[in-house]
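In the two assemblies presented below, chain A is common to both, partnered first by chain B and then by chain C.
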Partner chain A sequence: PLTPMTPMTPVTPASESSGIVPQLQNIVSTVNLACKLDLKNIALHARNAEYNPKRFAAVIMRIREPRTTALIFSSGKMVCTGAKSEEQSRLAARKYARVVQKLGFPAKFLDFKIQNMVGSCDVRFPIRLEGLVLTHQQFSSYEPELFPGLIYRMVKPRIVLLIFVSGKVVLTGAKERSEIYEAFENIYPILKGFKKAS
Partner chain B sequence: GAGKTPTLGGGFHANLGKESRAQTLQNGKRQIHHLGNQLQLNQHCLDTAFNFFKMAVSKHLTRGRKMTHVIAACLYLVCRTEGTPHMLLDLSDLLQVNVYVLGKTFLLLARELCINAPAIDPCLYIPRFAHMLEFGDKNHEVSMTALRLLQRMKRDWMHTGRRPSGLCGAALLVAARMHDFRRTVKEVIRVVKVCESTLRKRLTEFEDTPTSQLTIDEFMKIDLEEECDPPSFTAGQKKLKIQQLEKALSKKLEDFEGEISSYQDEIEIELENSRPKAKGVFANFTKDDSIEDNTSSVLGEEEAEDEELEAAANHLNKDFYNELHEKDRVKKIEDGECKNGNEALVRPPALESLLGPLPTAASLGITESIKECISTKDREPGENTGDGELDLSGIDDSEIDRYILNETEAQIKAELWMKENADYLKEQKEKEARIAKEKELGIYKEHKPKKSAKKREPIQASTAGEAIEKMLEQKKISSKINYNVLRDLNSKGSNTPKKEDDSTDDSTNTKKLSRRKSIASRNIANPVNSVGKR
Partner chain C sequence: TTWPNTGCFSEVAYSQSTGQKEQLSRCLQRGIRRVQDLCKVLQLPTVFEETAVSYFQRALQHPSFHLVSLEKKELLGGCCIFVTCRQHNWPLTMGTICSLLYVKQELFASVYLSLQKELGLSVPALSLGDLVKTHLNSFQLFQHAANVPAPFVEDKEKMVARTMQIVELASETWLVTGRHPIPIVTAAAFLSWQSLQPAARLTCTFARFCKLAGVDLPPPAHLRLKELLEILLRMASQLAWLRVFNMDKKTVVKHIGDLLQHRIFLLKNAFCLEDEEEQRAVAPGEGSPGSPPAAGGAAQEEGCPSERKRQHEGGPRPLLPPCLINPRKRLRTAAPSASDSAITGDEPISDSEIEQYLRGPEEIRAFRKAK
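Coming up: the complex of A and B.
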C-alpha cells in the first residue's frame, strides 16, 4: 500500500507498542423502550427517580449497581450514562427497562447502541504542548486562556484527545473500544517526540 | 403598453438576498470598527478583521450565533495573528459576555477558517501590564527583569497550560519588589485580571524552583542548567507515590494483624486448657444434638434449592466461620462453643447464635450467579433477541423491587412532588384549557411557539409624500432607489399645479407614474400630472 502524500493520520514509525492500556471511564448508550411512558407516574412510584418538568422533560433515574444514571423520555427512548464497560452499560440499561416494566409499562429493549466511550491514561512524562501545536496544527488546538489541555482531533480513528502537560491523556468520541486503543497507539509515538528531556 | 409595471409596495423580494448580505456586511463593518477602536487597533487590523468576517459570513458561520460574538471572535483572531497584547478577557469585559462563550465561538471560527494562531507568549503582555503598573522611569528596567523571570519560568515548565496573564502578574510582582517598588498583590491582580489565589500559587511554584534561591545579582547573571518538571506532573507523581505507599502500608497492616491473631490464638488455647468446664446455660451448647438442629434450621431455608447449592452454601458458611474463628474468638463468652468448635470442624456449631443471621447465598447476592454456573448454558452468545424482548438474564428481581416505592411511600412522594411542581401544573392546566377553548371555537392552531411577525404601527401622515417617506423608512425596500428624488417628485407636484400643460407630451409616462403612486396619493388631484422628467 502506498503512503499518501498528505497523510490524514500522523505517521507512526514502526516501533513497539506503548505497553499502556487506556482505562474506560464512561460509556453513554441509548435504547428504545418502544412504548409511550407516563413520566409523572414513573417518577412518583420509583425510589430513585427525579422529575422536574419545568427544568427538563425527562425522568432522571439512578441505580447503584452498576453505578449509572439514566434519562428516560416520554417517547420511550432512554439514555444511560456512567458505566465503565460495554457489558455494564447494557446490563444497567436492561435494569432500568426492568424497573419501567415493573411499574406497569410494556417496555421492550430495541436498538441498544453505544454512542460514546471515554477513556483515560497516563504516559508518565511531561509533554511540550507548544511544540505539538506547532507541528500538528491541522489537528491541534491549544488555548491556555480557555483550557489548560491541548485538544487533538484525530481523523482516523475519529477521536478527540485532550492532552495535558502532566502526561495525562483523555480520549473521547469512540463508538468502540478498539478505536480508543488505536487512537492511543497512534498518539503515543508523537507524544514521545515531545517528551521533556530530563 | 402593458409591460411590466413594477409595483412600489410589493415585488421587493427580487433583490432581497443580496440586499440582506450587503446589509449584514455593512453592519459587521460598523461593529468591528466600533469595537476595534475601543481596543485601539490600527486600520490594518480592522481591515483584516473585516476580511475574516466576510469569510465567516460566506461560510454561514454567523447563522445561529450572536453577531457580537462573531465580531469579537474575528477581532481576537486578528489580535492573535498580529501578536497584539490583547486578551480574550478584554473583549469579554467590553461586551460583558462570558469569556468561555466567546472562546467557543473563537475556536470554531479558527477551525473553520483554518487559521491557526501560534500559542500566546506571555512576554507579549509585559509592556502593557508594566505600563499600567506605573513604574515611571524604571519602567524599562522592571520590564527587563520581569521578562528574564518569565524566561526562567518558561524553562521551568511553569507556563504550559496556564493563563499567560497569571504568569505575567507573578513575574511583574517579583520584578517590582526586586527594584524596590511596593506593588501589592491586589494592585497587580487588578491590572492582570487573575484571582489572588492564582497569583499566590504561581509565586509558590516559583519558590519551589532552584532559581528562587539565587540572590538578585546572581539571578541577573546566572542561568541554571536544570529544568524543572511542570508542577502538575510533580503533583501527579506525588499522588501516585502516596497511593503506592498506602497500598504497601495496608498490606503490612494485614500481615501484622495475621501475626497478632496467631498470637491471640495461642494465648486463647493456653487459657482454654487452664479454664474450668462450662456450666449452666452454656452446657446445652456443648451437646452435639442441639448443634445439629441449629445448623439444619439455618440451612433448612435452602432445602427448596438444589443440593449442589446447599453444598456450596455450606462451604461458604464454613469458610466464613473459619475466618471469624480466628479474629473474634477472644470476644466470645460462649466458651463452651468455642471449645467445641476448636475440636471438630466437621459439625460447625450454631453460628446463628454466635453472630446473628448467617449470610446466605441469597443475601450475598450470588444466588443467581450460582444458579447460572450450575445450570446448563441455554443462552445464545449473541444477546440480541429478534423481537426486542427484554432479556432478563443477570437481573435480580428482588434488587429491582427495591427501587420501587410501596403505597404509602408513593403517596408521600406524590404530595411532595405536587407541592414542588405546583406552578408548572397550574401552567399546564391553563394551557390545556386554552387549547380546548380554541378547539371549540375552531381556531386552534397547531404551532403556537412560532413568534408572530412584528406588528407595525399604522402610519400617521398628513400628506401622501410624508406617508411614502415613512413607509419607505420602515420597510427599507431597496438601496437602489434615490429617496430624495422620490420625495421631491411628490413635493414638486404639490407646489406647482400649474404645469399641467407642459406635461401633455409625457402624458403616457406620467400616467404610468400616476398609477405607480396611486396607492398613496389617490387623494391628490393634480400634482402627478405636472411631474416631468427631471
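Coming up: the complex of A and C.
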C-alpha cells in the first residue's frame, strides 16, 4: 500500500472556501526616478500632463495603456495609480519614466514598490450591518450618518474592508494580493452568519 | 538656615516643589471649559462631563492631535462628548453636535474617526429606539399651541410607541441599514401621527407636518416615506378584509394600526423570504469565477422574466435592500481579459508609443502663445 501524503500546509476544504475571488480594482505604486525634475518644462513638452503649482505641487500625467495616472514630483519621486494588477502598475510606471527620459531628464527606475492594492467582490446576499457591528465591535465602525458602509479593520492580515448592505465588499491596504484573498476568506464566514438574519 | 545648609537647595528642583509641570496649558484649559459648557448646553449628567474631559485630555496629549489646528482642537472636544454619549447610549446625533459646534460634518467625521482609532475607543452603534424618543422630544405637537390646530395635537406616548413600531418595520424591511437615521424617524413619525387620527390629518402634507412640529424636513425623508408606504401597501394586499378596497398611499395610512398588529404574518406573506442568494441570482456578481459573463448573462435572462412575472402577478417580492431591488449602477465587467493577465510588467516599450505623448515644436509654440 502507498504511504498517504500529508500536506505540509493546511488546506482549506472546498466546502469552507467561499468560491469567490476578489477582483483587483486599483494598485498604487511608487518609484524613484532619481533626478531633479523641472515640472514646468515637463508640463510644457508633454501632451498628457497637467500642472497647477498653486493647487498641487506635482505634474499629473496620464497614459492610455495601461490606463493610469501618475503624480510626478520635482524631487524625482513618482506615484502611479489606477492599474488593475501589479504587473500593469510596473509597466505603466516604466512608461512614465520613459516619457520623462524622452523629455531630456536622466530618469532611472529605482525602488519600485507596490504601496496599496484595492480589491472588491460581491457575496451576493444582503448583510445586516447593525448585527455585524454588535458582534465585532472591536474591529468595526458603522456610522450611517457618515458613510453607508461598515468599516472593518482586520488585524491579520492588516486590511481594511468596507462592507455594504448590498453584500458588496471593498478590501484595501494590501501590499500583496494574497492579503486581499486571505482577508476575504476570513470575512466571508462572518458575513454568512448575517445572511439569514432577516 | 545657615550658609553651609544651602547646599541642599539644589536637591529639589523648583518646578517639582511648585507644581509648575503639573499646570495645564492654556489650550487644554480652554478646551476643558468648552467641553464642560457643551455638556451643560446638552444637559448631560456630570459623569458624562468627567468622561468627556478625560478623553479630551488624553486626545490632546496624543501626537496625532497635539499639533492640529485650533479649529480641530475645538472640534475634538465635541467628538469626545459625542463618543461619551454613545458609550452611555445617550442618543446624540452627529447632526446635533455639528450644529452646536458650527462645523461641517465632513470635518467632524474625520476628527471623530481619528479619535476613535488613535485612542482605541469602542463606540457602540446608535440605538434607534433611543433616537426615536429623543427626536420626538423636539416635536411641538404634544401640547396645544396657537399655530397647532386642535385636531393636530397628539398624545406623546402613543406617538412614540407607534413611531417605534414603524421604525422597527423599516429596519426589518431593509430601509434602515446604511441610511441616515433621522429621515427615517421623521417619516415614521409623520405616518404614525397621521394614522392615529387619519380623518383630520390625511390632508396634511409632510412639509406642513414638519413645520407645525418645528423640525427640519431632511431631503431623504420624502424617499423614506415613499419606501415605507410601498411596504405598507404590499402588506395591506395580504390582509383579507383590505383586499376589497382599492388601497393607495393615502388610504393605507388609515390601516397602519392593523398592519403593525399583524406585522410578522403580513411580512411573511407579502415578501419572498427564501434564500437571498437565489433572489440575487438575477444578476452576475463581480469576481465570481464560477459565473463567467456569458453564463451570468443567460442567468439574468432566465431570472428576470420569472421575477418580473412574479411581480406582475402580484406575487411576493423578495425582501431585499432597495439598492438591490432598484440598482442604480451598471454592473462592471467581471474578470480581466486574457491579454491583461498576460502582462509581465517587463514588456519592451516602443519609442512611437512614448512619442505620442510628446508635443512637437509647432505645438509647443502654439501652446505658449495660447498661455
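Throughout what follows, the second predicted complex is superposed on the first by the 180 of 198 C-alpha atoms of A that agree within 3 Å, B and C clash if a C-alpha of one lies under 4 Å from a C-alpha of the other, contacts with A are read in each partner's own complex, and residues count from 1 in each chain.
Simple rule for what comes next: a contact is a pair of C-beta atoms (placed from the backbone, for glycine too) under 8 Å apart; a residue touches a chain by one contact, two chains touch by 3 or more.
A quick note: this is a predicted structure, and the numbers were derived from the prediction, not measured.
Superposition of the two complexes onto chain A shows a clash between chain B and chain C. In the superposition on chain A, contact of A:C121 is made with chain C only, not with chain B. Contact with neither chain B nor chain C is seen for A:S178 once the two complexes are overlaid on the shared chain. In the superposed pair of complexes, A:P148 makes contact with chain B and with chain C alike. By the touch criterion defined above, A:P53 reaches chain B but does not reach chain C. Looking at the shared chain after the overlay, A:P22 reaches chain C, while chain B stays out of its contact range. With both structures placed on the common chain, the touch criterion links A:T135 to neither chain B nor chain C. Listed for chain B are the stretches 278-286, 368-376, 404-412 or 440-448, of which 404-412 clashes with chain C, judged after superposition on chain A.
When the two complexes are superposed on chain A, the residues of chain A that touch both chain B and chain C are 44-48, 63, 90-91, 94-95, 98-99, 102-103, 122, 125-126, 128-130, 133-134, 137-138, 141-146, 148-149, 164-167, 198.
Within the complex, the chain C residues that touch chain A are 93-95, 105, 109, 112-113, 116, 122-126, 171-172, 174, 176-181, 273, 276-277, 280-281, 285-290, 319-321, 323-324, 334-336, 340-341, 343-347, 349, 351, 353-359, 363-364, 367-368.
Every residue of chain A that touches chain C in the complex is listed here, in rising order: 19-23, 44-48, 63, 66, 84-91, 94-95, 98-99, 102-103, 119-130, 133-134, 137-138, 141-149, 164-167, 195, 198. On chain B, the positions that touch chain A within their shared complex are 87-89, 99-100, 103, 106-107, 110-111, 114, 116, 118-120, 157, 159-165, 227, 229-230, 232-233, 235-236, 383, 387-392, 394-395, 397, 399-405, 409-410, 413-414, 417, 420-421, 423-424. Interface residues of chain A, counted against chain B in their complex, comprise 34, 40, 43-48, 51-54, 63, 65, 90-91, 94-95, 97-99, 101-103, 107-110, 122, 125-126, 128-130, 133-134, 137-138, 141-146, 148-149, 164-168, 196-198.
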